[in-house]
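There are two complexes below, and they share chain A, which is joined by chain B in the first and by chain C in the second.
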Partner chain A sequence: MPDVSALTPGAKVLLQGNEAIARGALEGGVSLAAAYPGNPSSEILQTLAESAEGAGIYAEWSTNEKVALESAAAASFAGLRAMASMKQNGVNVALDFICNLTISGSQGGIVLVTCDDPSGVSSTNEQDARFVARTAVLPLLEPATPAECLAMMRLAFDLSEQIGNLVVLRSLSRLSHTRAGVVPGPLPPAGPKPYWDPKQAWFTIPVVPRHQAMLDKLAKAGEILGAAGLNRYDGPEEPELLVIASGSARLYADEARRMLGAGERVGILHLAWTWPLDKELVLKHLAATDKVLIAEELDPFVDTAVKSLYAANAAELGIKHFFGQDSGHTPCIGELSPGKLATALAGILGLPWQEVDPDYAQRLETALTLAAPREVGFCPGCPHRASYWSMKQVLAADGREGIVSGDIGCYTLGVLSTGFKRVNAVHCMGSGLGVASGLGKLRDRGFDQPVISVVGDSTFFHAALPGLVNARWNNSDYVLVVLDNSATAMTGFQPHPGTGQTAMGQPGTPVDVEQVCRGLGLPHAVVDPYDLAATQEALYDALQQGGGVRVLIFRRLCALVQGKQGGHPHSISVDPEICRGEDCGCNRYCTRVFRCPGLVFDEDSGRARVDEVVCVGCGVCAQVCPAGAIKLSPKEAAA
Partner chain B sequence: MSSPAPAASLDRLVSQVISPGLCVACGACLGLCPHLLFLDGQVAAPDPCGLEQGRCAQLCPVANRPPATEPAEGPLGRVKTAYAARAKAADLEGKAQYGGVVSTLAALALSEGLVGEAVLTAQGPRGVPQGVRATSREDILEAAGSIYAGAGTLGLLNQALSEKADHPLALVGLPCQILAASRMKGHEKYPDAERIGLSIGLFCTMNLPGRGLRALLKENGISGPVERSDFPPPPAGIFQVWSGGEYYELPLEQVRELRYPGCAGCPDLTAEGADISVGACEGREGWNTVLVRSGPGEALINLAANLELIELEPAAAESLEHLGSAATAKRTRAAEEQNSA
Partner chain C sequence: MKALGHDPLDIVITGVGGQGNVLASQVLGRALLTAGYEVTVGETYGLSQRGGPVMSQVRLSSGPVLGPLMPEHRATAIVSLEPLEALRVLGTYGHPDVIVITNDRPLRPLAVLAGEQAYPGDQELKSTLASLCARLWALPATEAALELGNHILANVVLLGALCALELMPIGANEVEEALASMFPEKLMGPNRAALARGAELLKEG
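== the complex of A and B ==
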């Protein structure tokens, strides 16, 4: 990521939404930024970490989102400006603290950035995190462009300080990862020396009066934001249809109206802040139309607020027709698009419109029949493929219909064929251990299936510890497999407690999984998942052992990190004389069952062969081949 | 892409034998391909194979039962000569189950170069037996003694046959394994199996799942390695176990309950397809009953006698009669089982 502290004020640059958020934070005077990686939010802290030295700030990858926000709050209590960024799931993790922080209040400006992921492109769920604004009574900003990201971050810190509470800024995958021209402003001078006046207490009691204060802060935020004039209307004075749009939907609404040539009939109310609802402005524009379409990503957040406002004022406003998710004109599932909004507008206005040209649709359908069916899968050489292979083999040999309780990370893909569909449950960070802990306590009720919980090294430190302690304490019977690839690989190789590096590239104090196991008194062993036989022996014995939790650490560096460090020392080849191909005794075992993308079946010769471009030389397939046809040889030194 | 044919061999093996719990862990399907694995005494097939003419199901003695009708030659099958015999070598004492004849003959076949390798069963990890490949008398002695649990031994035979070599192989096995080995030899897509040059069959007293036996022993306070075990002849009604310098007796009924369900349909007590079959000798501790069934078997036993490696006596008629009755009883039970299946 770029060092955004080095940008020249006034000189337009192309910035990703997340980079613009980072630059906006610097311009807003942030002193401490903390986060846990999670797409689509990861680049914010990554950018701030790259820029930290230049900007003189502190940036931290924290163990989880709650800790990140708590660290940021500490800086705020000490008078500094601070922020925490996270994906939608992270808001859930931090929610308990958020719901208390909003009552205790804050001092230095503090901003929570949530990057939601409609369609769950890089998530295990699809969730609208804007609920946090309503639940925790917090002002909510929804930029639509990278330039707005920057400007609103700056504004958010000021607003937070003015009201003495946390401010939420919501981005979306599309915005976080889009690039657009942004004109940076100046960076402020360094923040004050942090100081916590011992007479100043930050807590939530007495609850009732502080609860009132929290509501007052939101009302004040509404006044400040209203005066800033960020929400704006664009269209005819009395439009046939009013679109109330927020976030990326504002751009989509513009585009849809333009595509339909409906500028004379449609007005768009752009809401740049959506909580509290800009009641005065909304009422004014409701009064000027009969039909209203609400356009927003995911939940009916603005929708319900507008309808509630309308209900309270219906006697004065008269009958209005509302369109949106309830009417079926917009989706509440999956990402919104200009095309979907144009379809909605055309339907309401009675305009001819086809989202996709029939000829194009036909050609697309034809093209799709030509494309090879492809599923998301582990990288070539990924240790997780080897790990799940061993779990599959051992659980089959065990024969007691074992269950694998999964968790969040690259290895979540164990639910798909790349992991031999060996994962039976996945929910949120750390939940695999909790589920396993519960299963492991059903023995007395006759539950006799063995249980494996898989967790990655980064997730282990994020959220696994309470579940593990619970299982240890209550003597739950399961095998914990820590898939330790020494990387937070799914989100872009951020450091974590096990790697010992900090966000700013300084050496930290490494915390290893063995230390934790020793501390908890848990039996544990380390195996190399590339060594299939040893891994399977260890796993089988651990399964037979019974009793309380026992831990196996499958340790092997992420294949991509290995690649960056020079790769494996072998090159792999298939001896076609030995390969059995489709005969009894094999039947394409390596390419049909093991399915590493580095191996392909050559239909002409009827033999497997290595795709040298893809293969990284891990050598696991050589252990899978029943004929010994797959050979490892020392990689030739580069010329 | 076509889906795997419903009649795929491995699917048949899984649905007819493995999933219903009828596998007896003979190992005939093992070592042929990577789809079948054997761990801790149990056969498993994690993934489908899809081939319709796979050897795995064709060789399986449970999927293809021999008929439970008495052979024309009588209840013990073809027998050229029957002996009572015991080995003379002192190093077999305490290791061999009864008379040491099996170990002596296997070692002799190796030392005389009649075979280059012998496949037999020895104690394995976790107290569960496993197949071993022996190339010396020392290897053979390591495997001496009966273990009474499924070991997948034929997997090792398949593995040995898959290697490029010319030497004949010897197999020491239970009746189900001798049956499967003879099927291998006759299989048109298994030319390498012609290298099976000698088969020494064992009378099958009882074959138990290794995991179940281990659990039963543990219930009875035996968790260390078993040095020796035996089913003394009726009316003893016990299973004897020597472990950690201690002697234990388990009620026969407890052990019987463990038996592989798949053994119930087996009609063969004395490994009728072997070159030589060997078992306990009624009423004579330290002696074996030996049934010589083929020319090569006869040559080997004569060689052992001529070299004074074993003592031979004609088998007692009464003893053979009792053995025949036991064989008939087993065949009758198998017929009932096969008819009810």
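== the complex of A and C ==
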């Protein structure tokens, strides 16, 4: 990530949406930024951490999103500007605090950035986190371009201070991961010395009058934002169709209108802030049209607000036709696109529109049958492949139809084929331990299947600890396998409590999983998942023990990190004399069953072979081959 | 600043996670921004570094700022680091007039390695791709990169080929400057050679 504190004010640069959010935060005077990694939001804090020294701010990877926001609130109470960034799931984790912070209010400008992920490109769900604005009565900004990300972050800190409450900025995976030209502004002088007047207290009672104050703050935010003129209309005075759009949908609607040549007939109301609803502006434009299309990504958030406003004013406005998710013109699932909006506009206006020539579409359909799906899977050398291999073998040997309760991280891919589809449930951060805890208490009711809960090292510290304490306290019967690859690998190798390094590259105090187990009085052992025999023996024994939680730590560095640190010392080869291919009765065990992309089955010779470009030399497959045909040899020294 | 022959000019860069697709789109975006164009680079990644398909979109216009996603079936050119991924992207962005530049080296999906799915034959794939575009260049980019010392240079070879197209408003020099702003000088030798080799391959092909 670039050091965005070093950018030259006034000189246009190509910035990613997340980098622009980070620069906007610096320009807005942020002093403390905290986050837990989660795509598509991770690059915001990564960029701020990279820029922290240059900008003189503090940036932190926190153990989870709630702690991140609480840390930011502390800075706000002490008079500094602060922020927390997270993906949509993180908003749920932080929600309890958010719903109380909004009552207590804040001092220094404080901003929550949520990066939502329509289509779930890198998520377990595609939740629309904008609900938080309505639930917690907070102003909501929705930029559409990296340049707007920067400008709106700057504005968000001012707004927060003006109303004395948290402000939410919502990005989308497309925006967070889009690069476009951005012109940075100047950086402000360093913030004040933090000070918390001991006579000042931040709390939520009496609740009812403070609830009123919270509503008043939102109304004030609407006035300030209205005066800033961020929402704008673009189109004819009395359009045949009014599109009310927010986020990326604003750009898609604009492009759809251009493609259809419908500039004379369609007006677009660009909503850059969507909560509170800009009632005055929306009413003005509702009055000037008969047809309204609402374009936004995921939930009908603006949609229901606009329709509710219309219902309250229907007597004056007369009959209007609304189009959008309810009418089937836009989807409520997955991402929008310019083509989807062009189809919607053309359908409403009765314009001719052909997305693709029908003959070409027909030929495409036939051709695409050749395109085998490309499933995501564990990297070559990934310790998780070896770990799931052992779980599969041990559960088969155990024979009691064991259940594996999964969690969030690279190892979530255990539900797919490179994890041998061995994971039976995955929901949210830490939920695997809670589910296992419940299952492990069903023994009295006759549930006799063994239970394994798998959790990664970063997730262990994020949200797994309460579930583990619960299981310890209530004597739930399961085996916890901590897949410790010493990295937050899925989101880009951010440090976490176990690694003992902080976001800003300083040494922290490592908190290791064994320490936690010792503190909880849990039996625990460490194994190397690359050593299949030892791992399987330890897991089998743990499964047979029964009674209470037993912890096994499968510890082996993430293969990608290992690669950056010089890789493994072996090179791997298949001895074609020993490999009998399909003849030996193994039925292509290594490629068909073990499924490491470093192993290829050569149809011509009828033998397995190693793809040297892909193989990283972990050597696990050598333990898997029933014929012992896979050989390790010392890697040749680089020339 | 050269006028755009296509406006918007929409380029898809695709491949498999780990092939340097996102980097190629960043280099191109930076070069175009420096040359004075309004450019938007949309990147799709997330799980993709785990061997899944990756796609970036580089969008240029002389007018309004464009969104991160181009309209379906309107790409000007598709650059692919893997031939099957070129086909997959044609499925969403292809049309009879699109130009396709692809690496000819297959990276077989897991299901193919496991013997559960088939990967089309070399000729079948090439003729299918050719039948779905105005012009196909299937170039030995990985081979050329290996000759230059590292398979990872295939992305730069293909950038060299792309920028040798008439329709591109910038050439290899601008891309080279963008690379030089991102990499230390000691890595620039192979990168320069890769750009030049890409342009040669396009002209030969």
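Before moving on, here are some points about what is shown:
FYI, the second predicted complex is superposed on the first by the 628 of 639 C-alpha atoms of A that agree within 3 Å, B and C clash if a C-alpha of one lies under 4 Å from a C-alpha of the other, contacts with A are read in each partner's own complex, and residues count from 1 in each chain.
Heads up, the rule we're going with is that a contact is a pair of C-beta atoms (placed from the backbone, for glycine too) under 8 Å apart; a residue touches a chain by one contact, two chains touch by 3 or more.
Just so it is clear, the structure is predicted and the values come from calculations on it, not from any experiment.
After superposition on chain A, the partners chain B and chain C are seen to fit next to each other with no clash.
Judged by the touch definition given at the top, the superposed model places A:174 against chain C, while chain B stays out of reach.
In the superposition on chain A, no contact is made by A:18 with either chain B or chain C. Look at A:589: by the touch rule set out above, it reaches chain B but stays clear of chain C. In the superposition on chain A, contact is made by A:624 with chain B only, not with chain C.
By the document's definition of touching, of the two partners only chain B reaches A:394; chain C does not. When the two complexes are overlaid, the chain among chain B and chain C that reaches more residues of chain A is C. In the superposed model, A:363 makes contact with chain C only, not with chain B.
Minimum C-alpha separation, chain B to chain C, in the superposed model: 5 Å.
When the two complexes are superposed on chain A, the residues of chain A that touch both chain B and chain C are 592-593. Within the complex formed with chain A, the residues of chain B that make contact are 32-35, 37-40, 42, 44-47, 49-51, 53-55, 126, 162, 189.
On the chain C side of its complex with chain A, the touching residues are 16-17, 26, 29-30, 33, 38-53, 64-73, 84-85, 87-88, 90-91, 94-96, 108-120, 124-125, 128, 131-132, 151. Those residues of chain A lying in contact with chain C across their complex are 12-14, 16, 39-40, 117, 121-123, 144-145, 147, 173-175, 177-181, 248, 251-252, 254-256, 258-259, 335, 337-339, 342, 355-357, 360, 363-364, 367-368, 370-379, 410, 413, 417-418, 490, 588, 591-593, 595, 597, 599-601, 613. For chain A in complex with chain B, the touching residues are 392-399, 420, 536, 540-541, 544, 582, 584-587, 589, 592-593, 624-627.
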